[in-house]
Each structure stands twice: as C-alpha cells, then as structure tokens.
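Across the two complexes that follow, subunit A remains constant while its partner is subunit B and subsequently subunit C.
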Partner chain A sequence: MKWQKELGGWLLASPYLLSAVLFFLIPLGWSISLVFFDWNLISPVRTYIGLDNFREALSSTRVYNAFLNTYKFMAIIVPGVLVSSLSLALIVHHLPRLKQFYAVGFFLPYLASGVAIGLVVRGLLAYDSPFNEFLRQVFGSSPRWLRDPVWAVLVIGFMIIWKFSGYYALIFLAGLQGIPRELYEAASLDGAGPFTQFRKITLPLLYPAFYTVLVLAVGLCFGIFTEPYVLTGGGPRFATHTWQLEIYYQAFERFRAGYGAAVAVFNALATFISILIIRRIVEAWGARRGFR
Partner chain B sequence: MRILKAAFLGIVVLGMAAAGQVEITFWSAPNPSQEVFWRQMAEAYMAAHPEVKITVSPMPETPTSEAGILAAIAGGVAPTASENVFIGFGSELVRSRALVPWNTFAGWEDLVRARNISATIKCWEFPDGNYYIIPMYVNAMLTAWRIDILRELGYEKPPRTYSEVLALGERLKAVYPDKFLWLRSELEVPTWWQRWFDFFVFYYAASKGQPLITGNTITADDKAAVEVLRFFKALRDKKLLITEPLAEGFEVGKTVMTVLGPWTFPWWKENYPELVYGETFVLSPPPVPDWYPATEPVYTFADAKGVVLYAQTAPEQQKAMWDFIRWVLSDPEHDLLWIKITGMLPARDDVGTNPLFTAYVEEKEPALLPYAKSIAFAVPPIAHPQFVEIQERMGLECIYPVLTGELSPEAGWEAWKTSIKDLLK
Partner chain C sequence: MSKNLRKKFALVGLYLLATCLLLLMISPYLYMLLQSLAPWREVDRVFIPSSLGLHSYRWLLGGGLSTLPRPWLRAWGNTALVTTTVTLSRVLVGALVGYALAVLSFRGKRPIQNFILFQMFYPGIILLVPAFLLIRAMGLYDTYLAMILPGLVSTWAIFMYANFFRSIPREVVEAARIDGASELRIIFQIMIPLARPVTAIVFLFLFMERWIELLWDMIVVRDPSKQTLNVLLATMFGPYGGYPGPLYAAGVLLTFPIIILFLLFSRRFVSGVSLIISS
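Let's look at the complex of A and B:
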C-alpha cells in the first residue's frame, strides 16, 4: 500500500524530474566537463588545458565588468522592483472590483518578448523620437540614452523593473490576500491609522512574499541578456556587459565552449554566493524584527 | 555514440541506395529570396535526376546562422551543404575539420571555368591550398548619397575625398541644422561584424585594399587606417556623424550618406518606393583621403559568402551534392535567375561584363551596376580564425576611444594593434 502511494507521488513528480534531468542535470554535468578543455564543440580535437579557462576568466576585463555590472543592475533593479511591485499589489488589492483583470494586465509585460520590448524602447529613445524632440525643445538637449554609460544602465534597469513588476506584484497580492481582515479591523478599533496598519500588520505579514521576491530579483540580475543584447551590445565600453552576454559571446561567437562553460561556472558561483549572503541578511533582519 | 551515429547514417544511406535514391539536404541563408532560388534549383535538378532527393530549408537564424551551423554539427545533424558561410567562419570550420574541400572532386576545374571564377576564387584559397567555399555572391559595399538633397545644396555629384565630404557636411548643417551627414549608431557598439560596414569599408578605400592581417601578421597600412580614424573623429566633432539611434535616417532624408549593400533595394522598393536610383539617391565608392589619386580605382569591403560541404555526411551524399552544386553553378542562366530573385550579384569574374547580366541589370536594376563594377576592387573579410575577437577589439580598443576623445587616432590604432598581438599566434 505504501509503495503504491509512493509510486503515485513519483509518477506525479516525474515530468518535472525528467525535465530537470534532461535540461538541467545533464547539461550541468556536461558544462562542468567542458571547462577543462579548449574546444569549440565540433572539432575532433579536444585539448585538455586543466584550469587555464578559469585562470583566463579570473583575469579577464570582460568577466570583471560582467561581475561588477551585475551589482550595479542589482542596486537599481532590486529596490525598484520591490517598491513598484508592492505598490502595484497594494493598488490592485484595494480596487473595489476587476482586481483579476488589472492583475493580469500588469502581468502582461512579463510575457512580452524581450526583443520586441527592446525594439520599442529603442524607438522611444531614438534621437528623433517625439520624447527626445520634446526634451530638446524644453531643455535644449536630450540625454544620449543608450550611448552614455550611466543612462544605458538606468534604461536597462528600468526596462527590467517594468517587465517584472507585474509578475512580482502577483506574489505580493497573494500575500496581501492571505492577511486576515480581522487584524485590520482590530487595529482600527485600537486607533491605528492606515500608515501604522501598513507598518505593523501588512509589512510583517508580507515578509514571506518579500523574501521570495527579493531572492527572485537578485537571481534575475545574474541572468540579464536580452535587453543589453538588443539595445547596447554590452556597451558603451562594457557598461552594460553581463554574465550572459559574456557566455554567449565566448560560446557562440568566438566558438570557445570550454571557456564559456568556465565563465558560466563562475556565474553560477557568484549567483549562489550572492543569494546566500542576501538570504542570510534578510533572514537575520526578519528574525530580529520577529517576522519569522 | 559516434559508432552508433555512423551505423545509423550507414543504414539510412544503404537503405536509400537500395531504393536507388540518395537524399541530401541543403540549408539556404535565412533570407526568403535565397530560399526561393535554391528551392527552384532543387526542383529543376530533381526533375532531371530522380535518383536524388534534395531537401532545401533555411538555416537557423537565431542566435546567429554561424551558431546554428555549429549547433547542427555538434548535434550530428548538419546538412549535406549550406550557403551563407564567409571565409572567417569557414576558417574555423576548416580548423575543426568540419568541411570537405570542393577541389577534391573530379570536375572542379570545369566548374571554375564554366562559372568564370578563376580570378575571384583566388581570394578563397585556404592555407592548405584547398577550396572549401565556393563563393556564391559578392556584395561590394558602396556609399549611397541623397542626391536630391545634395542638389539643393548645389552639388551635382557626391564628394570624393574626406575634405569634400566635410565641406558638404558644413554646407548641410548651415542649410539644415537638424540633418546629419551619416547615421552610424553601431560605430559605438563593439559587435564584431559591424566593423565590416564602417571601418573596413573606409580602410580598404584609403589603403587600396591592403589586407589588415595576413596569416598571423598585421599587414595593415597604418597611414590609411589613422586617416580613416581622423575622418570619423572629424565627422563626430563637427556633429555630422550621429551615433545615437534614429527612428529613420537616410530613407527619409534625415541623413544624406550611408554605407549600403544591394540587399537593401528590395526592402526599399517595398517600403520607400520614393527612393529612386539617379533621382533621389546615387551610389559612389567610399570617400578617400585627400591624397588619394583621382585616377586610381577605389577599393572597398566585400560582404562575400559561399557554399560549403560538410564532412559529417556520407561520401555518397557529398558526391550527390557536388553534382547538384556543379549543375547549379555551371549555367550562367542560373546566375541570372539568382540576380532576378535575390537582387544580389553572383561571385563571377564577368558579372560586370557578360551581356547576359549587364543587359538585365541595365534595364531592370540599374542600381546594381556600380556594385558590379566594384566587385574587382572588393576585399573579402579577414580569414583569421580569431576574426571575432580581432574585430571586437577594433571597436573596443580603437574606434570607441578615438570617437570619445580618450585616445588620439594614432594612439587608438596602436592600441588595437597591441591588443590583438596575443591572438596572432
């Protein structure tokens, strides 16, 4: 009887397990095996080079820039996406009707093609776009949005915030809907105003959602690819270069699969360590405040 | 795994041989008109050769056609042959022993003669003396000018030298302050292949086609290269060059010059029918430094690609593909059809002189004539296996710092040469 129950569980989980093995574990193992070789995936000759790929990656300006830029993007995207998605969730939560309609509406950018969004943004920020014409008429000049190292990072950061806010808002919305209404009623009877209620009830009880969104947003910063690929090519002067652009460039443009895999391993390590540190900090902060 | 693959391939080939038919696959470029041409060719060939079945399909376009080919070879599903391979990528494939040399087949010399490519083919010889790529087309890059706007400014023909271009730019700015001479937003982007359509075009023009790299040695003409960088910087400083994206540029007359390949014409015909050769735009070789003799021909970069045969397929399939390709390329009528369908010029020595082509081009596609005349002076991409990084570093170490004023043109050029030394080993 017990084995039948277990078998049912395994059967239900099998699609996920199978896809994880096929599309995660096997490629992961294969990538790790590649890092010790100088190989372009097609040559009959695979040259064993030990740890040379790692050494090269550690001294590469391109990798260094990708590493640093991830934290630049993180500094913009993580607070930006937390504030905007929480705000969206609060707005939708307090709507008198059509909540689902608006929630889905805000979720749509997440489903949109990154390339299409990139092309739209490129058009919006083109030198001769109405927006820039307006800026030049009012202020005498318009920023070099995609050619200035600071503006380019901000533009890409805001695109990502816009794309993911609706998705993360759904997580916050689920958290908000799980907070018992009685708590707010009791707080009102005790004389707590909306701000106090938000600070003392909403925020602490949203901690699990906040934690989830934070971890997802941090992870997201290590996977940025489409936006800089379409808009800036990683420039100007590596200002928007990312881990994924570097892996793509090395593996698919320079045909250096081994080196690309070594960079991917560093990317995975940086992602893992960064998420671990941020998790520890947030958990400690939550524990200190009694949120968990 | 390899043994299993070979066994499977053998069974398939034997099975088809038993049925009396060899099945081969051809990947056309991810360009609908090229696919149409190859499909027509395959159908015509199969009608006369029922023992061969040819499947034509476009090669994967994303992330790049090169990556698509690479993935297919790595996955053991490469086609028998494909087009759209330029000599740089070809070098990488040859280094990986992924290609079969065409000249090992009986009848190679006949093909060279029949297609009239004995001069053109010399640029496609690999260091081992073999020919792994049969050039399909050569697109010499030319500069297009909005002659309607130039006429308004008092010009009857495009400027030839850098000083003349700068003078035209100043006149343009005086009359139309909002217009620019040249839109080249990619000049500030390091993407390697973008250098084909800016620096290489101007460099080959200034240097009389002097190769940038020969084997593992930098053989560039330093004086010409620095002059090109100075010209770019002058255009930028005078606000004649815009490196930010524009929604529309040359097509709507916001800029008056652009570097142009003939593949743009079908798109223009569909979207900008008001652009008429001789009326609204004209073509000229790229501008040259002031000291460049007016009597000398002007060289340019050639976007040239060809057909390769993959080593992964069975010898019977390779032989069948060779017969098909030889049939396609040995008949000048097929090259005429190529021009009619794709609007690009076939890589032939006689494309600018053979009445079969010139009569059609003069009557139907006069804008292709200057391209035909420039083919003899068009230099194909560099063939070094490290072409990607060499060209990427040109943008990063040289062009961007020069444009932003971080480095002088001389220092920028030296910086690029120094930066690629580790790649030339």
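Let's look at the complex of A and C:
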C-alpha cells in the first residue's frame, strides 16, 4: 500500500520530471560550460578562453546599447502602460452594463503577433501612407519615424503599451472590484468629492494591483524582441537594439554560441538586479505611505 | 431632477468614451483586414479602399511570388499543429502533475515543488543557446519535434492546477476513494470537470502565447515547409516588401483565428483572470 502511494505520485509527476531533466537541467549544465568557450557551433574545435566572453561583452558597445535601451523603453513603457491600463480599468469599472464586453474588447490587442502588427505599423508609417500625407498637410512635414532614433523607440514602446494595456487593465479591474462600496459611501457622507475619494481610497487600495502591474511591465522590457526584429533590426544606429536581439544576432547569425550565452547571463543579471531594485523602491514607498 | 439628468449625460459620455477607446484599440486589426481586401494599388495609400476583394488571399494561397514561392497555407497548418499539440499537452500534464502535488502525499513531493518554483523563476534566456544545441545534438534540428518537444510541459500550468486543487475540500477525494475510484478516475471524472474555470484560462493563455512564438521557432526550423506562419511572415518583411496586400492577408490569417477562438471562450475570461492574479 505504502509503496503504491509513492509510485503513484512519482508516476503522475514523471512527465514533468522528464522534461525538467531534458529541457531544463541539461541545458542549464551546458550553459555553465558554454560561456567559457569560443565555439562557432559547427567546428569540432572548442577553445577554452576563460572569462574572455564576459570581458568582451562588458566592453561591447552593442551590449552597452542593449543595456541602455532597455531603460529607455522602460521609461516610456512603464508609465505609459500604468496610466493607460488604469484608465481603461476605471472606465470599465464605472460602466453599469456591458463591463465584460468592453473588458474583452480592450484585451484583444494582447492576442496580436508582433509580426502582424509590425506590418500595420510599417504600412501606417511608410512615407506616402495616408497618415503621413495627413501630417504633411497639417504640419507641413512628417517625422522619419522608424529611421529616427527617438521616434523609433517611441513607436516600439507605443506598440508594446498598446498590446499590454488591456491585459493589465484586467488586473486593475480585479483590484477595483475588491474595494468595498461602503468606503465610498462613508467618504461621501463625510463630504469627500470624487477626486478626493479617488486619491484617498481608490489609489491606496489599488496598491497591490499597481505593484503587480509594475513588476510585470518592468520584466517585460527585458524581453523585447519581435517588434524591433521585424521593424528596425535594432537600428537606427542601435537606438532600438535589445538584449534578445543581441543574443540572437551573436549566437544564431554570427554563430558565436559561447559569446551569445555569456550575453544572456548578463541579460539575466540585469533583469534580476533591476527588478529587485525597483521592487525595493516601490515597497519602501508603499510602506512609507502605509499601503501594503 | 437635474442631478439625475446630469448623471445620465455623464453615463452616455462614459459609454461614448469607452466605445471610442475600444475602436482605437482594435483599429490595427481593422486596418489589417481592410488592407488585405483592398485593390493592390490602394494598399497603404488609403484608409478605406474603394472596393473589396479576395485577390490578395488568392495570390497568397496560390503560392505567392513565382520567384520566391512560399507555402502560406501550410504554414498556417504548421502553426495550428504545433500550437494545438503543445497546448493540449501542457494542460493535461499541468492537471496530472498539479493533482499529484496538491492531493497525493509521497516522499519527494516537497523537493519537486521547490524545484518547480526554481524553474519558474530561472531566467529562460540563459537556456536559449544550450537548448538549441541540445535539439541539434538530438538530431531534431529543422523538425516539427524541435518546436513541440521542449514546450510539452509548462511549470505555470502545473502551478495553476496545483493551486486550484488545493482549494478543493479533501472530503471530495476521500469520498471518491472510499467508493473505490482509482486516482486517474478521480482526476478525469471529478477534478478536471471541477477545474473548468482554470482550464479555460490556462488553455487560452498558453494557446495565445504559443501561437505567436517567434524566437524559438525561428532558431530551430529553417525549412519553409515546416515554418510556422509567424516565422514565415517575419522572414518575408524584406523580400515580399513590394506585395503588402498579400502580407496583410497573411497577417489576417495569423491574427483572426486566435481572436475568434478567444471570443468564443471569452465569457469565462474576465472572471478567470483573477485566478491568475491571486496566485
């Protein structure tokens, strides 16, 4: 009886164990040795080069650009997506009917493939597109969009904000629905206007949702790949270059497996440390204000 | 009276705002659809085409450019095949392993749980290159299995199911056992039916995620007849640049099936998302 129970547990867990060994532990072990070698993926010769891959990555302007751009994207995406998703959630929350309809509608961008939306953005921003014709008629000129280092970052940031707003709005919406109505009624009896109520009740009680969205949005910025891959290739002049583009380029276009893996380690470190710092800051800020 | 009226106006305004925002949010899809149906000389030149037709789709399904023919329809099939296989497996394995971790008691359960958490928080990007090397070493490079095998198990799905099964009273399982039901029977006839809200949300999210995967599929498959539609479309930005109409048609083929699937299941969706957040 006893061993049957044991066996049953292991048997049911075995698909996971199998995949964890094969596609997690083995690559994990492999990645540890890989980063110390210079290897082009094909040749039988692998040269042990110690920490050279890391040294090269640290002094590479490509990696530096990817590192810096992540924070550029973050500066646009995080505030943008926070404001837009909270606004969408507030609107849906205050609709007496059809909440579900609008919430589902706002979520639809999340389903978009960055590739397919890349087509639309490329078409809309092409020099002789109706959108640019319109801009030229009204303002006399149109930006160079994806060929301008500032606009390119903004456009890609905006695509990502568009994609995730409706999803994060659902997180805020769940938070809003968890706030007891009595709080607003009591505040209103005390003479608090809608604006004060929003500041003193809604915002503090939304803190957990805010925290979740913030951490998700920050993490997101470290994994940007599809949009710049199809639209800018990381340009112009590396303005939209990202960690994943760099790893893909080094490992699978220049076939530098060890170096690509080393860059990936730096990517993971940067992600981990940045999220840790931002979490600390937000937690400290929340604690000072008495949020939880 | 006037206060009531003002409230009504505010409400109309709110619905107006919500509808405008909704149209704005889905406008890229509408643009894609209209451009895929537009006459070729009007694609990306006007917002509303003067006439609509299926010529872009016909061109696409006929194989595309004669100098650079591509199996567009087959690519759609590849996407559907890979996504369906992977997602079904992820859901099934998620339920089985989730049940083992939440309900059964066996030695090794604790370490497995901890290991799953470790794997969930381990940065996957570090494993990209070695996982590719492993696939190649297994002789799976440029095969469907390369896209399918590494994705058959999702730690997130396991986590979601385990969380849900933990919330089910133990008496349910005990009673079934006393009636002589086997564990597998309990899983398939009691637990999985109970877990329908979880299944809906897990299935949808995993399906959507896999449907638009780009990086991995691009790395492990080069043969155009095995590429997914997303990869094929991504590689055609340059060479098919002069044929935006058909590319929009391919975008519609890629995007609209998943929107329709989502809308079919969306009734349970909004309430289901709170399941994700709470865990």
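Definition applied: the second predicted complex is superposed on the first by the 259 of 292 C-alpha atoms of A that agree within 3 Å, B and C clash if a C-alpha of one lies under 4 Å from a C-alpha of the other, contacts with A are read in each partner's own complex, and residues count from 1 in each chain.
The criterion applied here is as follows: a residue touches a chain if its C-beta (ideal position, glycine included) is under 8 Å from a C-beta of that chain, and two chains touch if they have at least 3 such contacts.
What you see is a predicted model, and the numbers here were worked out from it, not measured in a lab.
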{"item": "Partner chain in contact with A:I278 - subunit B first, subunit C second, else both or neither", "value": "neither"}
{"item": "Touched partner set for A:R254, first subunit B, second subunit C, both or neither", "value": "first"}
{"item": "Subunit B versus subunit C as contact partner of A:L82, first or second or both or neither", "value": "neither"}
{"item": "Touched partner set for A:V153, first subunit B, second subunit C, both or neither", "value": "neither"}
{"item": "Contacts of A:G166 with subunit B and subunit C, given as first, second, both or neither", "value": "second"}
{"item": "Greater subunit A contact set [subunit C / subunit B]", "value": "C"}
{"item": "Which of subunit B and subunit C A:F23 touches, first, second, both or neither", "value": "second"}
{"item": "Partner chain in contact with A:R237 - subunit B first, subunit C second, else both or neither", "value": "first"}
{"item": "Partner chain(s) touched by A:A217 [first = subunit B, second = subunit C, both, neither]", "value": "neither"}
{"item": "First (subunit B), second (subunit C), both or neither touched by A:A126", "value": "both"}
{"item": "Residues of subunit A at both interfaces, subunit B in one complex, subunit C in the other", "value": "41, 122-123, 126, 128-129, 248, 252"}
{"item": "Contact footprint of subunit A on subunit B as seen in their complex", "value": "63-64, 66-67, 70-71, 73-74, 92-93, 95-98, 185, 188-192, 242-248, 254, 388-389, 392, 396, 400"}
{"item": "Residues of subunit C that touch subunit A when the two form their complex", "value": "11, 14-15, 17-18, 21-22, 25-26, 28-29, 31-32, 35, 43-47, 93, 96-97, 99-101, 104-109, 112, 115-116, 119, 122-123, 125-134, 149-150, 152-153, 155, 158, 183, 208, 211-212, 214-215, 219, 230, 233-234, 237, 244, 247-248, 250-251, 254-255, 258-259, 262-263, 266-267, 269-270, 273-274, 277"}
{"item": "Complex contact set, residues of subunit A against subunit B", "value": "40-44, 122-123, 125-129, 144-147, 232-238, 248-249, 252-255"}
{"item": "Residue ranges of subunit A in contact with subunit C within the complex", "value": "5-6, 8-10, 12-13, 15-17, 19-20, 22-24, 26-28, 30-31, 34, 41, 88, 91-92, 94-96, 99-100, 102-124, 126, 128-130, 162, 165-166, 170-171, 173-174, 209, 212, 223, 225-226, 229-230, 243-244, 247-248, 251-252, 257, 260-261, 264-265, 267-268, 271-272"}
